[in-house]
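Okay, so chain A shows up in both of these, paired with chain B first and chain C after.
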Partner chain A sequence: MTSQTMTEPVPAQARLSVRSVLQNAGIGLALLALILFFSVFTEHFLTPNNITNILTQITINLVLAVGMTFVILIGGIDLSVGSVMAFAAVVAGKAITLPGFGPAEAIALAIVAATVTGVACGIFNGVVSAYWALPSFIITLGMLNIARGAALQVSDAQTIYSFPFAFEEFGSSMVYGVPVVFLVALLLVLVAWFILNFTVFGRLLYGIGNNEEAVRLAGHPVFWYKVAAFTICGFTAGIAAIVYMARLNISSPIAGIGFELNAIAAVIIGGTSLSGGRGSVIGTLLGAFIIGVLANGLILIGLSDFMRQMITGVVIIIAVVLDYYRAKYTSK
Partner chain B sequence: MSFLSVEGLKKHFGGVKALDGVSFSLDKGEVHALVGENGAGKSTLIKILSGVFPHDEGSISFGGEAYQPANPHEAKELGVQVVHQEFNLLDHLTIAENVSIERMPRSRFGVLDRREMNRRARMALDAIGLTDIDVRAPVSSLGIAHRQLVEISRALQFRSKILILDEPTATLTERETSRLFDIVAGIKADGVTVVFVSHHLEEVFTICDRVTVFRNGKTISTDKIEDTTPEGVVQKMVGRELLANDRVDAQQLPKGEVALSVKDLVTTANPSGKGVSLELHYGEIVGLAGLVGSGRTEILRGIFGIDPIVSGKIFRDEKPVRFSGPRDAIAAGVGFVTEDRKDEGLILDMPISANISLANMGAVSSSGLLQFASEQRRARESGQKLKLKYGKLSDPVSSLSGGNQQKVVLAKWLSRNPKVLLLDEPTRGVDVGAKAEIYAILKDLARDGVSLLVVSSEIPELMTLADRILVLAEHQIQGVLTPAEFSEENILKLAYGQSQTGGDKLQ
Partner chain C sequence: MKLFKIAAAAATGLALLAGSAQADDKPVVGLIMKSLANEFFQNMLVGAQAHEEKRGDYKLLAVGMQNETDFESQINAVENFITQGVDAIVVAPADSRAMVRPLKKAMAAGIVVVNFDVALDADAKKQQNVDLAFVGPDNRGGAKLAGDALGKKLGAGGKVVIIEGNPGADNANERRLGFEDSVAEYKLDLLDSRTAHWETEEANTVFSNMLTAHPDIQGVMAANDSMAIGVVKALESAGRDDIVVVGFDNIPAVGPMIEDGRMLATVDQFGTDMAANSIDLALEVVKGGAPLEGWVKTPIELVTAN
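== the complex of A and B ==
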């Protein structure tokens, strides 16, 4: 209670970002420690090849997690992203293999088909859960099944393949050893970061996560903002579908099973609160890296994939416990 | 003879001095009031007495021995019980389960002895005169007032020597308050010392024997009630004299055109089906009085487009309007300072500046991009205008005191320059000093031509502020009082729906 009226020497936004940097610093340090650990204890961790590997491996999860960050920030959750990704991939796979198109048109068509499918599923999730004020956990659980069934139905449960060569090339091309698909994911992170920090829309998403009623009573169309958050999540599922197709050169209706949980894990490890209103997409980026580095490093060290899974689980729990203390100390 | 005495108590939290020399004593079987502005140190003292945290310096003696409970459980064992401002009841459990939650009776095999539990709960409730309540009912079936009484009965069953009531009347109606006071008198007659923390001086002067005033972490004085006056206590709390209220010059202003009127308005929240009609003029403050549940808040929510309208019309500048949501109402120049700032008014974890611009994002952005510099400037300006006390504009609103939080809510709406401002309990949970400042702000607004409709449960507040008071009962306006007719008696009579005395009965 030592407050007094005074003028502000430093713009609050600068402080705000200082605070969020500090919040992310803990996660960043954890990531650094992991990298250091694996560099010391394994021979191949810090080699260009392996780094390329890690970047490729985390790309799809990172893309899904960016969209998931929006939904979790408004206090929701989207369990359907894995299935929606498969559905979008199958629809795009059908589109790209349509006869009578040149490679460029076919690829463009596939990109449109995947994003439109993802966006449509996102809009459905958003409209149904926001209009009837139903828990998005349940609605997106429904969508998880709908999209998976639709993927199997559309593809006749067959894997679709033989895509244009240019598409495959895009999936495996590098810039200075960095996979182009990872750069796409990074671009999404930057755009999301900009939206969340510098637009009215982003500000109000944080507001809705904290106190929906206050935002509504201040005259903002909360319904549409919520729909928008789910739509963004569906859109990133569509982008993830394209990345997936370009990398593996197939569209499988059983792709992406369990991907939603990895995406949620990246968001949570990145320090975004499951109850909404607090967190950042930079945290999500770091969270996706932590999961990817752990997966890669633990295998290199010689642990089984089962052990890797257990350790990832422990990390998620540690992240949530740390978040409890962070919430406690920043609010007092 | 003093029974508990506190000498030179100090407590720091980091660099902040929460208590900076608190000394007072309690006599056996007295009702002792602790008063002071928010942040004056009352809550900290209560937490030390109830064992939540230890003190840094000073001494406490209780019944002749040094008293320093290690935790709340030990404090309870020693006979110090607190009934907190926020309820600590488990809604879905029964009343009996709640009363016994700290010490569940067990039968021989360690199974819960339900019969014994219900018997004890019955005794506890009977002891404070709640004979009409079934202990097997879930707490969620009780109203707020009864929940409070259940908490008191739970606290009392452990042979308490000292019972601390922290703002017990904040959510009670007057009738419920007087029942609480009867119970307090009964507890006192049993020799229990009651510590009463309240913002309401009339209550302090009704039931307390002595009053200790806190200011800035220090105790200023302890007086016998008969040796002091409410004005004297306020002066000590604030450390200066409050401005005498200036309602006289407000009277001389001519009334403006009708800013907003409501005709036969019935919302989905109004069960009676009979409509409400009222007119608000520019430059006038209209008070809306009535008991809790009389439909005051519902009128504001109806006007603002929150609760759907069943029938009736709203006119803005004499033109019919239809607000399908807060967005439309705001676009028409209407603002709504809601009753519950934590649930409806503020985004507690967000910065002060972001909260101030929440209803006016257009002014602090261009084509959807936030303009941080202009947001800072506007927030700083409205902070100065409203004498907001804060550390940094980037601090979360939750770091502010109740009065300053309320000023942020006001700032949020004032940033839109509303023509009509609806206010629901604008000074609830706000300390005396900030209250006076908020009154001054509202009067200035009226002077600038804004039309204000104020709902309040505090009759003196309405009498200070309003140019007219409408009294509601059962979703109907029972009468309109002009300043000459303002009195608690006239308002209460109408509010209880008893008589037309002093008011022009509408219709």
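== the complex of A and C ==
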């Protein structure tokens, strides 16, 4: 796909969705193979409780990875999401424990506080890296430190606790065994999928990843599109903070260390190209599942922590190598 | 490179200025801690600052690290303190081996060095010919207190798991060994032992999966309270109230959990006072007292609902 997306978007879009189906089929098969393997070798893997556990456990990573997909599609990266999540959680934790509010107001306040914090950090990342055309790698590395420091400063390095009971309930409630927080993540995936495939904005993000200059020459405000991609990523970090708080009923300023790497891994395993312009959020969903299933299954199988870490690394590399071949064959 | 040298020279100059600024005869104590992102050390710093104000007869210079594995900044801090000519260095080493050589240099410069929180490695001390006392809690003994509480509750054959701290960290090792001592003494059945890197969310995930693999778990020993919170949340979502949890550190967030029985016990090692106590000991030596020897144990206490 090149600049022709702009001149004839409809056929390019059709071709791309066929291609993305092919891509996702590969990742889906890999996921299926993993599930099959663990089902055969452990007795507890394919039980309703464990499936609920896996869904709960991948939720935060999935939420972060959805936002990360937008940034990676335009050829950027956001290393700050783990820290921004912690910062948003701490700000929201301060808000929710403010005296003088009923539970409903306190929860609403916390949700607003978390998303506003995330969005603000995202706007900063986007504006600074797009305005001066600086590598987002280094700008978001700066933000990684700013947000972590801010989280520690705001919380005085203390864990914030005792949230309203209703919030706790939301974090652990289920619909037919599916955690509500996972449904929130799934909704984000669907909205992202719609935006990326069926809006001009979404298609142009792919265009920016492929050929930024062409999109600019076609008269589109590339600057604002890039800022929007980073803002979406910050927004999802804010949502992840809410999920974290609802699930654990605390806000910890040291939460989310290294989460950015897991989110990036989910996106890349999901077949999105690190250089931008190619990939899909459905792939990201499958990528998050692969990471989650692996983390869960390897514990059930009784593998030691160190072996587990090594195998996770190997799987990431295999996924990317496979993606190289998949990209080679599907682009013919 | 040139820029770096200029920066280094400027930094040394500043350090010297800072040193000579302490012209009054109050002794200067350099306090080197681990990550201030850790609640434990943050509280310790607050405790030390309050102590400085209260005693009023010494000047405190405190330094922390960026994260738990940033040894470099601790070594730099020791070197800066030597340049500034402080009277005593009170240090919680991030690495029990890497810190021995720089501290030896400080002792050679006539600075009173007190090692607290985590003991320097005995072999490394011998190799470098350093004789240095340790002021600190018995992490192993503390973990055994918590483990014993669990053992007494469950009785012989109780099925337990351990949630460990960072692999390779000395206090994580000591606490794991303490838990294992309890396992041996009370003839508990240790089903699994895994790290959750001191972190709540990871402990929640790791423990949920352990519980799936071993639904018959009866007790959990978590190497810190942040991880114990993650375990308690996992038990709540699994609807299990028959599993006994113990932690370590006594952070405020676990107070309500111990009160209402979601946790059986935790261990308080009085981190807030630890730096302050070590500073007292260091000042004693600075004023001509006898040098410290061996292991000066600081108090630890089992915290339960009553």
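By our rule, the second predicted complex is superposed on the first by the 313 of 332 C-alpha atoms of A that agree within 3 Å, B and C clash if a C-alpha of one lies under 4 Å from a C-alpha of the other, contacts with A are read in each partner's own complex, and residues count from 1 in each chain.
Rule of thumb we're sticking to: contacts are C-beta pairs under 8 Å (C-beta built on N, C-alpha and C of every residue); 3 or more make two chains touch, one makes a residue touch a chain.
Remember, predicted model here, so these are calculated numbers, not experimental data.
Shared-chain residue A:His220: touches chain B; no touch with chain C. Residue contacts after overlaying the shared chain place A:Gln158 against chain C, while chain B stays out of touching range. When the two structures are aligned on the shared chain, A:Ile254 is found in touch with chain C, with no touch to chain B.
Of the two partner chains placed by the overlay, only chain B lies in contact with A:Phe198; chain C stays clear of it. Look at A:Arg278: by the touch rule set out above, it reaches chain B but stays clear of chain C.
Interface of chain C with chain A (complex): residues 36-39, 42, 167, 192, 194-195, 199-201, 204-206, 208-210, 212-213, 215, 226, 229-230, 233, 236-238, 251-253, 256.
Residues 15-16, 18, 39, 304, 306, 325-327, 329-331, 336, 338, 343-351, 353-354, 358-359, 361, 365, 368-370, 372-373, 376, 380, 383-384, 387-394, 396, 398-401, 404, 412 of chain B are the ones that touch chain A when the two sit in their complex. Touching chain B in their complex are the following residues of chain A: 1-5, 7-8, 11-13, 15-16, 19, 198-201, 203-204, 206-207, 210-211, 213-221, 277-278, 331. On the chain A side of its complex with chain C, the touching residues are 42, 44, 47, 49-50, 53, 56-57, 60, 148, 152, 156-159, 161-162, 172, 244, 247-250, 252-257, 295-296, 299-300, 302, 305-306.
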